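Common to both upcoming complexes is chain A, partnered first by chain B, then by chain C.
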Partner chain A sequence: MTIRRRTVLKGMLASTAMVAAPAVLRAQGAPFKIGLLTVKTGPLAQGGIQMEQGIQTLLKEKGSTLAGRKVELIVADTGGNPAGAKTKAQELVERDSVNVILGPLAAFELLAITDYVREHTTPLISLAAAEDVTQRHANPWVVRPSATSGQCSHAMGDYAAKDMGLKRMATISEDFAFGHEQVAAFQRTFEDAGGKVVRKLWPPLVTPDYTPFIAQIGDVDGVFTGFAGSNPVKFMRAYADLGLKGSIPLTGGWTAMDDALLKSLGDEAVGVVSAHFYSPTIDTPSNARFVEAMAKDYQVVPGGYSAGMYIAGQCVEGALEKAGDKAGDKEAFMEALRTVQLTDTPRGPVAFDEYGNIVGNVYIRKCERKDGALVNTIIKTYPDVSQFWTYDPAEFLKNPVYSRDFPPAKNLE
Partner chain B sequence: MPPGAVRALCLGAALAVLAALPWWMANPYYVNIASQILFWAVFALALNVLVGYAGLTSLGHAGLFGMAGYTAGLMLAAGAGHAAAIVAALLATLATTAIFALLALRATGIGFLMITLALGQILWGIAYRWASLTNGDNGVKLADRPAPLGLHLSSPDAFYLATFAVFLLCLASMRLFVRSPFGASVRGTRDQPRRMRTLGYNVWLVRFLAFLFSGFWTGVAGLLFVYYNQFISPQVVALQTSAEVLLMVISGGVGTLFGPVAGAAIVVVMKNVASAYVERWNMVLGIIFVLIIVFMPEGLVPGAARLVRRGYRGLRAGSGPAAAEAAASPGTAGR
Partner chain C sequence: MLFWLLLAVNSITMGGLLFLLSAGFSLIFGLMRIPNLMHGSFFMLGAYLGATFLARGMNFWAAALLSAAAMVVIGGLIERFLLRRLAGQDLAQVLLTLGLSFVVADLCLMVWTGDPIQPPTPPGLAGAFRAFGMFFPIFRLAIVAIAVVVAVALWLMIERTRLGAMIRAGVDDPAIARVMGIKVSQLFTLIFCLGAGLAAFAGVIGAPYLSIYPGLDADMLPLALIIVILGGAGSLAGALLGSFIIGFLYNFGQALFPDLAYVILFLPMLLILVLRPQGLFGRVG
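The block that comes next holds the complex of A and B.
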């Protein structure tokens, strides 16, 4: 008898649940799957972990619900190499059937999978800087909410010539595509504004000691650095140790002075001027929430990688809102994503150009010590900077992609 | 049934299961993983010719691997057809192998290792720094996969079957090589170079030819790799790739036919499948290697065969050691 009563009770419970379930399902639908391609092992892991923190912060803030839809995040570690990125992209697309991929981190990883996401019509939101992914080989399935390699250093070149009044500069950057592209963009705007790049130095990616390179800088009145990863820390220390810090001002691209690096830097960084698409001091409501949550959950000051991923998540939210019921359809979602316009992101208002690259503010910041801690204080804002700077896109794209040899350096001594 | 027939039957059944993999493996992702295991296995088998049979440990094979991939990629980018690109890639790899061999065979042991390491790094440097040719670290993309015999390899299943066919060919050629008089002379130069010389063998030439044989299959593996990824960049040519393949050979079993295949399977599965579940997959892989070294210093395949043999002998203890020994002996036939 008791058994039967229990069965009846169970049946009642089940039927109540069945009545209630459709309402819940209607409100949420199947979860929208976001795949994150990041690097959690190997030398690039620092940036990769920051990327994961950025998107986790957004999802936590939103209760894992974007535009009314439950969101599921699947994290994949590429190991920081192209073949790994390809395999992990296959895992996310073919096994996990994600609706959108965020990442990967490095340019060579992005280049290894752009054709793949196009074939499998999977939207990709990447922070990697490879210029041509949104230029000469623009891919309809890729958008980039961070910046091309040249996007920030265009502004840095302009500022160095016009506002800092520098005339003769040397550049120093790692000898790989990201460095080449940054320096080329810097040289172009700096020389267009009347400056001269008189020396270009290319230390290898792994350089234990920058002293021999710094010794070659010579007679200039400013230096531009395009270092990335942990190299800026090593470089700035050597630069200060050799006594150049006070005499030749240092400028840099976004990775050279990213705010996530500040905790590893000391007085050698004070006074360095850098161009970045993000700064923790930007005064927008979402940035205030983001910086606070990052400090609370991870005890860090966020930099470009985590902010970029937070913004990527906001772009997903914007596209979900825009696509509405059709968000499950990849074509409709991608179209919504490419036309997303956000006013409140940690980096200010953003939109994508027709090539899928972001148009947004670029900030010139000066590193200062405030209340004992290093801060990159914004000293100038270039509003709505496009990847083409002020050049005509059609003219811009007729030129070869930025490299070690283009634009040619005519003023080398 | 004689033990040899049981062995052949097992092997046949295993190959049939592998050949039918696209039909029973529901998800294309796992078919792709299987393709990766197979072409890494071809690479490991190729390296095993030198490491296992000739006793020459090379750390420059990633250079040869990349040579094939880059040649094919650049030829295709320049507008050549697949057939031309593949032939050119294999020829270029053979030529590079010959140069490697000419320089490296002046030494054996550590000297050989260091020379191949240096040569591999030179090729890496070229891939990385000669940006006007190789596009530097931005790499080279392949627009398309080929369509041999009218079967287009763009789908995971088709690519798997083609890779499997190449893998079988490689395995067969390795078996032929091991059993041939030439294979015996290569092993002779490994164990007793001086005696081989007194017997009238040209030790240098035997090693040179073994190097070429190894280089050829490395080139084939490089081609499969580049067609699989449709992208190649300097990372592939770096020392890490050479070391990884060497690890596959050593962990699986040096100088065995199936050891390198097992080693390739472990590394690929750990790197790609296990890394989705275990964040510290590098550490797990390291622990597996330590366990292999501690408990099966001769490698996974011969080590497992030894354990099975011991268990078998324990079971058959009543029927006399001679019978057990006879039943066990085919287990070493792969050597």
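The block that comes next holds the complex of A and C.
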């Protein structure tokens, strides 16, 4: 309990960058090394650059000192592919001897290095969403402070059925694991609450024009989209151009309406409802500092990638505090990391479940135009959402992992 | 019924945009005998430049033309100072264009960051055309009109002018054309500039619905490649027909067999390569 209280106090005082005296003494040892696996080149760089901004913002705020220890950040660019992720992870672990790795960005990058960090007993804090990394193949060396693919869309499905009163919906998402898992989770909670998913569309990851898919949406009263990267921008413009915007409400997962994407969107996004683990309008002290610093240093409104990395940094801080003098020992640090509980993060209070995945709030937001700019206004908060939603974890894990075919779509027309 | 109509109209508009992209690619391929692997980069860089001009308040069409003009200059510099040094070494030239495409991609990332940009549809063409209970964006219909104008202009140039005759001679047999006193190397520069400019113009025109994002270059290049292999390198008619074939295959393929989207795009290319390697209208054997 004392640790938690101290974390809260720290959080409040941190903007002054003043650290308690004993901590300063400890800071004089060897720096604690954080390796960041991110993507700075290639098509995925958009999210990767935001990740780096997020952790840099935290380190700047704390004067590169977490829990009284000097911290050194080593940034590695994976290029956004599995082979690059593996090579860079090896460099970070074997050449730079980092104490903890943050990243990588994409699920396929994460899957390429999970075995490696397990073998080399290196703590990994990842944003990538692949469900099974914290479920059926839970890795003791991995924690995830963002969300599984389904964590936000579980809430979206529930909200669409219960609060929006939608009955028949179509889903559309990229034909890859992140899309499959998001849509599966959405379908499960939406149908459990009485709705029917009557059509599921799977455009390839690279789709220059979504018109052929939008033309198939047909007679529904709502659409769920799980697009990621730059695809939501293309999709929403085409959706509006084809006249569907006014008649069929659009809902989305977190990547589809991430706040960092809003500056690329126009009126076509107004009215879209989305579920996200983060929003810049969340009222916590650390979020106020974070949003302000991001605006000042990078002239951007932060989204899930940068907030996720800021929170990952806070988790490192929490674990360093917990582990104390033993933080240099990887086992001790990992144990501390998995039991970290934070009350003030940009996304609200968080803790990890026994599988290493975060339990935290999920926010339902509606996009509006305020003073000329697009804003996602929070309209409902689902508190302390776990990756298992309200299902029993043991029962949940007996099912196959979410995919294109599970849970089976029984109401397709 | 509406569904089919929508797909058909969309196929035509996509064909129009693809023609603007691939006409230059086809001429470069036909004349210089190399697939210009940075053609997608011209498209993307042109789109980014256009978006920058638009953000400064420039008129949409002026921005498209200015971006095309800028790319003509850049294309000319690349041909004169880089490709020319490797004259006659096809493989080296192809690798050079590939390398440059990576350089351009990362430069764009540095300058324009990774955030997608979607310029607004030009005013006057923003609305949707409503017929038979179906919405259709007017802007996309305008793209078809532009493609037709460009196609006619290019056709006149190639078939009816002295310059066009020289280009045709260069495509048919560069060695003999040289002997006849045609400065084929100057034609190379000219065609490369023209191709780069057209690609940039297409990039700006396509931006309001394709949006501009890192990786756009790699998305567009294979389409240009398929079209030119289908239609035949160096042939404008081939590029035109190929563009519309791909427009239709793309739209109907994705709607009817989304899992086979790429098979449907590449299968005709495979058939053509086996049965008629010079392409439907190919001059180069």
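Note that the second predicted complex is superposed on the first by the 386 of 413 C-alpha atoms of A that agree within 3 Å, B and C clash if a C-alpha of one lies under 4 Å from a C-alpha of the other, contacts with A are read in each partner's own complex, and residues count from 1 in each chain.
One rule holds for everything that comes next: contacts are C-beta pairs under 8 Å (C-beta built on N, C-alpha and C of every residue); 3 or more make two chains touch, one makes a residue touch a chain.
Keep in mind that this is a model prediction, so the values were computed, not measured.
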{"item": "Partners on chain A (chain B, chain C) - clash or fit", "value": "fit"}
{"item": "Partner chain(s) touched by A:177 [first = chain B, second = chain C, both, neither]", "value": "first"}
{"item": "Contacts of A:41 with chain B and chain C, given as first, second, both or neither", "value": "both"}
{"item": "Touch count on chain A, higher of chain B and chain C", "value": "C"}
{"item": "Partner chain in contact with A:129 - chain B first, chain C second, else both or neither", "value": "neither"}
{"item": "Chain B versus chain C as contact partner of A:237, first or second or both or neither", "value": "second"}
{"item": "Contacts of A:197 with chain B and chain C, given as first, second, both or neither", "value": "neither"}
{"item": "Touching partner for A:403 - first (chain B), second (chain C), both, neither", "value": "first"}
{"item": "Touching partner for A:375 - first (chain B), second (chain C), both, neither", "value": "neither"}
{"item": "Chain B versus chain C as contact partner of A:260, first or second or both or neither", "value": "second"}
{"item": "Minimum distance between Cα atoms of chain B and chain C in the superposition (Å)", "value": "5"}
{"item": "Residues of chain A at both interfaces, chain B in one complex, chain C in the other", "value": "41, 175"}
{"item": "Residues on chain B engaged by chain A in the complex (per definition of touch)", "value": "27-30, 32-33, 36, 128-129, 131-132, 136-139, 141, 143, 156, 225, 229-233, 235-236, 271-272, 275-276, 279-282"}
{"item": "Contact set on chain A toward chain B in their complex", "value": "40-41, 76-77, 79, 81-84, 86-88, 90-91, 94-95, 107-108, 111-112, 115-116, 130, 175-177, 180, 403-405"}
{"item": "Parts of chain A lying in touch with chain C, wherever the complex brings them together", "value": "41-49, 175, 201-204, 206-209, 211-213, 215-216, 229-230, 233-234, 237-238, 241-243, 260-261, 263-266"}
{"item": "Interfacial residue positions of chain C with respect to chain A in the complex", "value": "3, 6-7, 10, 14, 105-106, 109, 113-118, 120-121, 128, 130, 135-137, 139, 208-211, 213-215, 218-220, 223, 250-252, 254-255, 258-259, 261-262"}
